[in-house]
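Working notes, beginning with the structure itself.
Order of writing sets the labels: A, B, C, D and E. Residues in every chain begin at 1.
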Amino acid sequence: SSSDTAHDSKLRIAYFPNIGHAIPIVGIEKGFFQNSVGDQIKIETRVFDSGPQAIESLFSNSIDIAYVGPGPAIIGFLNSENHNIKILGGAASGGASFIVHPNSEINSASDFAGKKIAAPQIGNTQDVSLRHYLSENGLKTAEKGGSVIVYNISNPDIYTLFVKGDIDGAWVAEPWATILEIELGGKRLFHEEELWPNKEFASVLLIGNADYVEKNKEFFIPFLNSHHSTAAWINSNPTETRIIFNDFLNSHFGQSLSDDVVDIALSNLVITPDPKPNSVFSFAERADALGYLGRNGYDLSGIFLYFDINSIPEEDT
Amino acid sequence: MTKLEAKNIVKYFNHGSHKLKALGGIDLKVEAGDFVCLVGPSGCGKSTFLRIIAGLEKPDEGEILFDGRPVTETGPERIMVFQEGALFPWLKVQDNVEFGLKMAGIPKEERAKISNRYLDMMQLTKFADSYTYQLSTGMKQRVAIARALVMDPDVLLMDEPFAALDAQTRDLLLVEMQLIWEKTKKTILFVTHNVAEATVLGTKVAVFSNRPSIIKKEVENNSPRPRVTEDESLLKLQQDILAELRPEVKKSKA
Amino acid sequence: MTKLEAKNIVKYFNHGSHKLKALGGIDLKVEAGDFVCLVGPSGCGKSTFLRIIAGLEKPDEGEILFDGRPVTETGPERIMVFQEGALFPWLKVQDNVEFGLKMAGIPKEERAKISNRYLDMMQLTKFADSYTYQLSTGMKQRVAIARALVMDPDVLLMDEPFAALDAQTRDLLLVEMQLIWEKTKKTILFVTHNVAEATVLGTKVAVFSNRPSIIKKEVENNSPRPRVTEDESLLKLQQDILAELRPEVKKSKA
Amino acid sequence: MLAKNFIPHRIIFYVGIVVVWQIISMAGVWPDNIFPSPYEVTEDLVYGASDGSLFYGIATSMWRLSIGLTIAITGGVVLGIFMARVEAINQTVGSLVLGLQSIPSIAWVPLAILWFGLTDGGIIFVTAIGAIFAVTINTYTGVKNIDPHFIEAARNMGAKGSQLITAVLIPAAFPYMISGFKQGWAFAWRGVIGAELLFSFLGLGFLLNAGRSLNDVSQVIAIMLVIMATGLVIDSVVFKRLENKVMSRWGLR
Amino acid sequence: MLAKNFIPHRIIFYVGIVVVWQIISMAGVWPDNIFPSPYEVTEDLVYGASDGSLFYGIATSMWRLSIGLTIAITGGVVLGIFMARVEAINQTVGSLVLGLQSIPSIAWVPLAILWFGLTDGGIIFVTAIGAIFAVTINTYTGVKNIDPHFIEAARNMGAKGSQLITAVLIPAAFPYMISGFKQGWAFAWRGVIGAELLFSFLGLGFLLNAGRSLNDVSQVIAIMLVIMATGLVIDSVVFKRLENKVMSRWGLR
């Protein structure tokens, strides 16, 4: 907080090592982002694996913009000082699935009673979707006195439980959905987008510190431009995207995924700069119904901050 | 000049549910330069009395006056030789002896000079670099005596310092103590269970009664010095003191 | 019958860089029912010798034979009264005294009966429920003696057990010790620095030389019992022993 | 000396902290979302208490704690004694324990899930392994630091094997062991909360995680206060008493 | 007694563990992807060592550790002494420390990020707060358990205030304090790894998390072994020696 202004010649970006974050990964690795902002601006990156951490980092002014799911985006907006954390664009749509264990005997919503189902941490995009889906289908979770047991547990732990057969199904994002399907013989019961109007919903959004971007339009707008063109590049170069993604994993973690997994995962989602505002609003309604947005109601007005990527910025809801 | 005055010192201790009255009102006047030996039955409160004078324990009633001022705290003018050594196991023998000097900020070389003298007197020179667990009991006691003597205090409070020593070493030290006392004219309070020792050393012998103890009798002793244990002239005095003591021990047995 | 035999016991200790030869080859034969008193200058190795007999320390050379078998371990047939108490602070006085009986699996009531007798002998009945930090030094020593006596061992190893006691208590215990010994015909090794005490108690007095110590002289003592400290008949013996000791202490001073 | 009553000191101290906290948060050095005021935190506490979730969380965590801690104390004492008395065990099993203890609880979670699944068993495993070390090492130190005279005297009076352990080693090392229990308890309490946080499976740790997942700092701090308060109550009700008793018996007070 | 050489015991013990592990993994109770064999783990270790990432990770973690531990030891010793000597501090600040210590390191991470940002400072904060307790409570116990005769003798010979602390309290409590340092070190080491894991910011903890994120169990176990081994080396190089020295000086060995 003491160095609020010292970073003005820096752009600090956070994202996850997931295929849904193909835009920042490709944008960084191919140098698209750096080219767009020019030599004067230093781009720094941080790789996270949880939404709350990204939000904490935004709050503590350790990063400027982040790629996160709609859950953290909404919570970040609502909890930030002066609603200063806003959605600046989209990055991916779709890309989550419900995978059932081969021995689970789940074929439809009616088979869920008494089953153990996992999703990543509370308030995360898949968690909200799972719980919403259950209540849509008249099912209650165990802690509310129902019969479905929901475990909130990290993706690697879901994998372990899946191997052991301790869970009957999991609501997970790509590439985990594909990993469970291909490596462990899981059955993809449905793609989440099938439950959404137009089969689309925002799954990765670009959010950021509004003061920061307003103050640094001169390089932020070119960056945003590059964000858009990177999306287009990915859609026309899926194979090269897979190579870049795996190289990124390798250099970062010393490991990579099989080509199959990446290809299928990538084909299961749509890389788009469109934030799909309607899905964000209905997502917020669902989260609120689950009690995730506090006890005093919520107000999303001003959550979107749009810039005309060709020059003049404007505001919208 | 009165150096120390104990005025009606009373001390209780808790033993589970009951209270034990250890000291029942000790009155004692010690002039500057006195060498007072305290004798009394085991467990009567001799150590407790010295601890109160040292300022390590508070009396429940009464007070100690030192040079006319009440004693409330410990002070380097009243140095105690503890009955159970209390040597510091993390220090070598020499460092144990020099402890008080170091606390007083005396420089290293001077400390060494002083401590060497007393180590020699206590026949410990060869063990200057040993740790205390490497010493025999009698050697530990000698370290404790040396540690007190180097402090050169106004008042020395010695609690059975010679108890673990063989007769010969003790005889040597009885001579040394008299020399030190004559040279420095220190005021000394010396607890012992050895009546002969008390008569050799003391200008006065104070006899404690059984618990709750008071000072039953004070015996002046002006025999010429240097005295030795075998002095016939002290025999009469010893008989007197033993006569005072005997009924006390009987009582404590009852 | 030979109860205990020490054969050329040698013991070294490390003191920093140099090695100290404490025992220089101790030879001693103790018959069953002997009461052997050990005297010698402070730090000569009396405690070390007892510890070796108890099996608490291994000699560097030589061996101890107990009933003809070499001693390698501690055993309840050889019970030691430690010079520095070693009472258990977490136990009450009575439980300290009963410790060995409890280890031997003796039932509670019987333990109490035995321990009460010795607590009474040591004048500690009133303090049966106290913890050891609540006792005076002399009282602790008496607890340690009681703790050993209740064990009723074949061989009693006593390391200056009366050092912290006043003359009167000591006189009472000297009588008790002789009674116990005569009644039970125990074998006793008794370290003391008090030559009079040694002549009152012992059937034999063994004089240690200075370090590296050997047994310089063994003095038989067949004076009639019960003996008391004041016995004129013991005086000659005491003089002899002191004459043996004096040069040793001088040496250790040198 | 009679025990002085320090309740007024405590009250002043804690009230002081709350006042300073309120002043800082009103001064607006940090925004509310990273430094909530005591008032907001209290609100969250009241809410959690009124819907009962707090008490249910405490009860669940305490239940797991008690099992995990029992395992840790039993295992730690046994191991500590053997390590102190048998050098070969110290060098083998002992060194392994030390090594295992360098591993943070989080790192155990994947293995715990593998071995125990998402059960209380897994949480208890993580709890016990988080606490056993403190008990072990304090017992070890305690036994190593026993005045050798005690052991000699006991052996001399015929104490052997298990008798030596129960009648001498344990009571003689007890002042250290209590310190081990105190720490074992604190680390077990941490362990429970940490495991619940990662297993997300009821208990206070779960509530804490929920707060964090929703970036609700005042909820996080509220639960942290509950964790602290529970810790303090247990400490003063159970361990302070035990400690005072032992200390006064040893004549150290 | 001369120190016996226990290296053969150790070797047999650890080789035994590896053999049992290999047998279990060959028995196929669990599939390879969640229970790798020793061979796979060794492969990962060799790979990490040959590309240097392991050594860089160790160095980074050690650097953070040393700062965090220094803070924890200094603070813990000071606090422990004051708690033991001044009952009012024990009852106020002391109780707060106890309370703070019930909180698992993971729970500090969100606050550390909020307060310190994504800096080494945050990691060091989590490290220090994870370790300070063990040091504090051992110092406290050590000072409380000092034979009162030592303190009396020292006071009697004129030791006061800071002299009393440096010349008597610290050396007399040192056997306990070493045990505190040992634990402090182990908990600091855990703290560093845990914090790195959650901050995802270089160091061994980061490597552990990387393995976890990609569900590479053999990588996870490899890093856990490195963490353990580093822990053991430090323990035996630094703390065992310190302990032996102090113990022999006190005549306890």
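Worth a mention:
Please note the rule applied: a residue touches a chain if its C-beta (ideal position, glycine included) is under 8 Å from a C-beta of that chain, and two chains touch if they have at least 3 such contacts.
Quick caveat: nothing in here was measured; it's all calculated off a predicted structure.
Counted as hops between touching chains, the shortest connection from subunit A to subunit B is 2. Hopping across touching chains, the smallest step count from subunit B to subunit D is 2.
Among the remaining chains, A is positioned farthest from subunit C, on the basis of C-alpha centroids. For the pair subunit D and subunit E, the distance between C-alpha centroids works out to 16 Å. If you average the CA atoms of subunit C and of subunit D, the two centres end up 48 Å from each other. Chain centres here are Cα averages; for subunit A and subunit C they lie 83 Å apart. Centroid to centroid, with C-alpha atoms defining each point, subunit B and subunit C lie 26 Å apart. Multi-chain contact residues of subunit E (touching two or more other chains): 30, 34, 110, 114-115, 198, 212, 250-251. Each of the following residues of subunit B touches two or more other chains: 84, 134. The set of subunit A residues touching two or more other chains comprises 1, 52, 56, 59-60, 154, 156, 160, 164.
Every pair of chains that touch is listed here: A-D, A-E, B-C, B-E, C-D, D-E. Listing the residues of subunit B that touch subunit E in their complex gives 51, 54-56, 74-76, 78-80, 82, 84, 86, 88-91, 99-100, 102-104, 131-134, 147, 151.
For subunit A in complex with subunit D, the residues that touch the partner chain are 1, 51-52, 55-56, 59-60, 72, 75-76, 79-81, 116, 121-124, 143, 151-154, 156-157, 160-161, 164, 166-167, 292-295. Subunit C contributes residues 13, 15-16, 39-47, 83-84, 123, 127, 129-130, 134-139, 142, 160, 163-170, 172, 193-195, 242, 245-246, 248-249, 252-253 to its touches with subunit B in the complex.
Interface residues of subunit D facing subunit E in the complex, by the touch rule stated above, are 4, 6, 9-10, 12-14, 17, 34-35, 87-88, 91-93, 95-96, 98-107, 110, 114, 133-134, 137-138, 140-141, 144-145, 148, 175-176, 178-179, 182-183, 186-187, 189-191, 193-194, 197-198, 205, 208, 212, 217, 220-221, 224, 227-232, 235-236, 247, 250-252. Of all the residues in subunit D, the ones that touch subunit A in their complex are 30-34, 47, 109-110, 113-114, 117-118, 198-202, 209-210, 212-217.
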